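Note that the chains are named A, B, C, D, E, F, G and H in the order they appear, and that numbering of residues resets to 1 at the start of each chain.
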Amino acid sequence: MSWNVYLAGEIHSDWREQIASGAERAGLNVAFTSPVTDHGASDEVGVAILGDERDNFWKDHKGAGVNAIRTQTLIRQADVVVVRFGDRYKQWNAAFDAGFAAALGKPVVTLHDPELDHALKEVDRAAQATARTPEQVVAVLRYVIRGELP
Amino acid sequence: MSWNVYLAGEIHSDWREQIASGAERAGLNVAFTSPVTDHGASDEVGVAILGDERDNFWKDHKGAGVNAIRTQTLIRQADVVVVRFGDRYKQWNAAFDAGFAAALGKPVVTLHDPELDHALKEVDRAAQATARTPEQVVAVLRYVIRGELP
Amino acid sequence: MSWNVYLAGEIHSDWREQIASGAERAGLNVAFTSPVTDHGASDEVGVAILGDERDNFWKDHKGAGVNAIRTQTLIRQADVVVVRFGDRYKQWNAAFDAGFAAALGKPVVTLHDPELDHALKEVDRAAQATARTPEQVVAVLRYVIRGELP
Amino acid sequence: MSWNVYLAGEIHSDWREQIASGAERAGLNVAFTSPVTDHGASDEVGVAILGDERDNFWKDHKGAGVNAIRTQTLIRQADVVVVRFGDRYKQWNAAFDAGFAAALGKPVVTLHDPELDHALKEVDRAAQATARTPEQVVAVLRYVIRGELP
Amino acid sequence: MSWNVYLAGEIHSDWREQIASGAERAGLNVAFTSPVTDHGASDEVGVAILGDERDNFWKDHKGAGVNAIRTQTLIRQADVVVVRFGDRYKQWNAAFDAGFAAALGKPVVTLHDPELDHALKEVDRAAQATARTPEQVVAVLRYVIRGELP
Amino acid sequence: MSWNVYLAGEIHSDWREQIASGAERAGLNVAFTSPVTDHGASDEVGVAILGDERDNFWKDHKGAGVNAIRTQTLIRQADVVVVRFGDRYKQWNAAFDAGFAAALGKPVVTLHDPELDHALKEVDRAAQATARTPEQVVAVLRYVIRGELP
Amino acid sequence: MSWNVYLAGEIHSDWREQIASGAERAGLNVAFTSPVTDHGASDEVGVAILGDERDNFWKDHKGAGVNAIRTQTLIRQADVVVVRFGDRYKQWNAAFDAGFAAALGKPVVTLHDPELDHALKEVDRAAQATARTPEQVVAVLRYVIRGELP
Amino acid sequence: MSWNVYLAGEIHSDWREQIASGAERAGLNVAFTSPVTDHGASDEVGVAILGDERDNFWKDHKGAGVNAIRTQTLIRQADVVVVRFGDRYKQWNAAFDAGFAAALGKPVVTLHDPELDHALKEVDRAAQATARTPEQVVAVLRYVIRGELP
């Protein structure tokens, strides 16, 4: 069986690539999915496709709707949802995705530095594992899929 | 992954073909499904297969039952449901399909002219996006599937 | 037990009052709920509470969101959903509500004139009963609740 | 019917009291619930009841588990979930609650200042309404419950 | 807590009354519900309320729809579903109700003579208990509710 | 897409083969599944595999459990459930399967002679179509899958 | 609101009474439910009500069915499930109840001595809290319901 | 169709291999899945990947979380769950898995010696079959998949 793993959250570092290349090196049968990680495209998509808006609120609203088609579909199809929190931006959508996944009964793995532990305690409690590095996420997936320790 | 997209609603224009050919030109991995769009067949199917009826109500009832086997199954299997409203006919079944899809948690995209905006406000509110042209629907799917702006 | 019956659809005739007074005369233990039936209030609620909008699309969108809090909550709590279709307006929200209720497994009763039969065949097929008059709806509820024929 | 409204999010201002007193003045039949809003108690509850921990991660983990018994139960029982985002702290648990509620099909109302609009666009898109003041939330509830405009 | 117990199946003997009076003698806090047990009313209800039909198939169809509003609502609200099979008639609706209840995760108790055991083996297997007499059903309810043996 | 169609009910005539060969002639992309139709094997399986029983009730119980692993799994995976009622035996398991499928939201097609109409009215009402011959079932499937009338 | 708390597991000590009296002293609005805790009655109920059995396996089977009507109904109605593991007997039904509750999304609190930690690690992981004494369970409930620390 | 069968429970004997080789000899189209059966790896995985812990409780907690990602995902994907209980260890996780599977509506087959019957009566009652040997499990699967008796 192939595992579907959705990589939610931070889009300003290369953590997704690190996980994907680590999984490939480990030979894991994983299909990774993610939100659109091009920040500009993600922000502009609503008005770029569906027509301009005078108010930023509705520009964001339109874009968020289109992005939600992708993200909620992929979260529903995922076996595991990894949620990365970084130190920039509010990343409320990452926490929203974690809550959405948890209510659907999907296992969640959080990925963040210890400085964020207290602020993320509710999210971490709802997760099955909290990792600090992309390598740890790969190791978790390797164990989950093949039963091998590092 | 291949995306399943159900195209609900109006059956008297070629909007489905425009979306399908646009998706093909864009190279999208989408399997489109739809109700039976041959108006005559759709109306006659109940009595044509299961025996004649003296009352039109039951003729319609029989036909609608057979059509529902197709439509509800395909909506349940869909990742995204696009619902087209035109200016002819009441198209209550299109709105019914939208409500059915929304209650199942499926993302809905509506497709209609601005003249219908007020009448469709509840349906549009339950949708993730409202498009005006088949090209916009293709652009939404392209972004959703591949993250590319037009 | 008290039955919760949601009365969806047409807001420009007194069919709800007829059903409610008929049920009261029959001594039925029913709590009726409905959308906000003041057309003006229903249309204006978004901007009246949450601030003005320059575009009618977003004015409608805001209002439809607030109305949906009421309608979707009440439909989820209903034991039976009655949906009335009249001859004015598109009433796509009535059909949307019917689809929403059907997907949740709620029994639906439609209420409309025979002239609308063909246009409503899919909705009627998903319903448990199609009534022509408010008196018939009351008779259905009386039978359903107390087992009494007219 | 009495409405259950869960008030999620910020615990460092009196927005809950404003909504509750506003609802009382309006005579609304609402039962409000909320997380434990005593910040100290909420942080200490795990170790205060279940025994001390040497590592803050597990102290937080224990406390978050106990708090989740309350918050997830009350969200599941709520008809409407209001989520308040303020300008202090990360408030990832507020966004988590919003995602959790959305996946359960609960209507969500967000409450925050316009400065947070862009950061909250995904959460706002999943909500039925975005309010700026507690008074607006009361007005939404008043309309939803009684159909009255301000 | 009060227990809701739905009594499905045979309508030509007084087994429901026996169970109800037995439960009353035992002082059990049970609310019993059932289909309409007046055979004539149950058969005629569709045409009696919603208008005559020329074909018996549609007469039955109309009536079955109205009855289903009652039966499926009450089964969904039940804590326990008791299904009685007698030796007259096919009683396919009793078996249908048992399957409907089982798929919803409701505990089922069957009530029938040993002569029907082989024919009912699939239904009995899906049930939590098979009783032979109304007294046994009362004894099961008494134990389930109060923990008392006969 | 391939359609999964579960063929429930009567095991003493060749209706399944007629449907399968008809579907093959029509070139339909359907995977048919069914209970074990060898009556003897179906009755004996419990004791044949899991050890003898002194009481027939438990012999049947054991066998019904093993058969349920197959039937309930296949019904859950089916897109459409066809249920055949013949004139021999009680066939309560067929009606049970229909109720089980209906509660799961699966479209049901019943197949039986008009003599059984009255006894099956509740089951037929919960179905999307009632056919009289295997050829009609094939025609329904052909229309549902390919939109072609006979 | 009143909280429903199901007390699963060990029936050979007075832990349920300690929790109930502690909750009463604290003035908590809790309705406690539990399996039948009379070991003899629980073992005998099947044959005592539904007739004797020659084989112990079926005697147990009958009794377990009747007990399951109670336990599964009460777990489904519970807001919180407390599961107590003692040092006597296998108590597999306690672990079964914990898994059943977890899959339904119910918050679980485990109650056991540290010696059992390693054997119960999977169950504890699925729980929201692990308590060592009935007093701690009462303190958890008091905090969850009223937000008060000890 | 290929069947997914999850093999839960005891990890200190070769029962999984016996079932797998038996199924292979019988030519069954089954994909078997299981927890990680390397006892040491399963116990160490949390700290081996995610960092050391001073307290054994949290070491176990971390490991159980990672293992749960695998086990709960595979149980959700399984068509059938086989649960083996042996005479060593408490095996509460096996009973937890059985409860988890039962609440999800998955058919369960238990596998254990008669000495454990009384202790496992609740679990066996929730199962569709109780086998004594791996050969019997293979025979059940062979019958379920191909309808063949031994």
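Here is the rule we use: contacts are C-beta pairs under 8 Å (C-beta built on N, C-alpha and C of every residue); 3 or more make two chains touch, one makes a residue touch a chain.
These numbers come from a predicted model, not from an experiment.
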item	value
Each chain counted as touching chain F and chain G at once	E, H
Turning angle required so that chain G lies on chain H, C-alpha fit (0 to 180°, nearest 5)	180
Greatest separation from chain D - chain, by CA centre	F
Result of counting contacting C-beta pairs for B-F and A-C, higher pair	B-F
Reference interface C-E: repeating pair among G-H, C-D or F-G with over half of contacts shared	C-D
Distance between the centres, which are taken as Cα means, of chain H and chain E, whole angstrom	37
Whole-Å gap separating chain B and chain H, where each centre is the average of the chain's CA atoms	43
Approximate Å spacing (C-alpha centroids) for the pair chain D, chain H	40
Chain A residues counted as touching two or more neighbouring chains	65, 68, 105, 130
Partner chain A, residues of chain H touching it in the complex	31, 33, 36-38, 41, 44-46, 48-51, 62, 65-66, 68-70, 72-73, 76-77
Contacting residues of chain A [partner chain D, same complex]	56-57, 60-61, 63-65, 67-68, 71, 85, 89-104, 114, 116-126, 130
Residue numbers on chain F that touch chain B, as the complex places them	1, 3, 79-80, 105, 107, 109, 127-132, 136, 139-140, 143-145, 147-150
Touching residues (chain side chain G, partner chain F) in the complex	54-55, 58
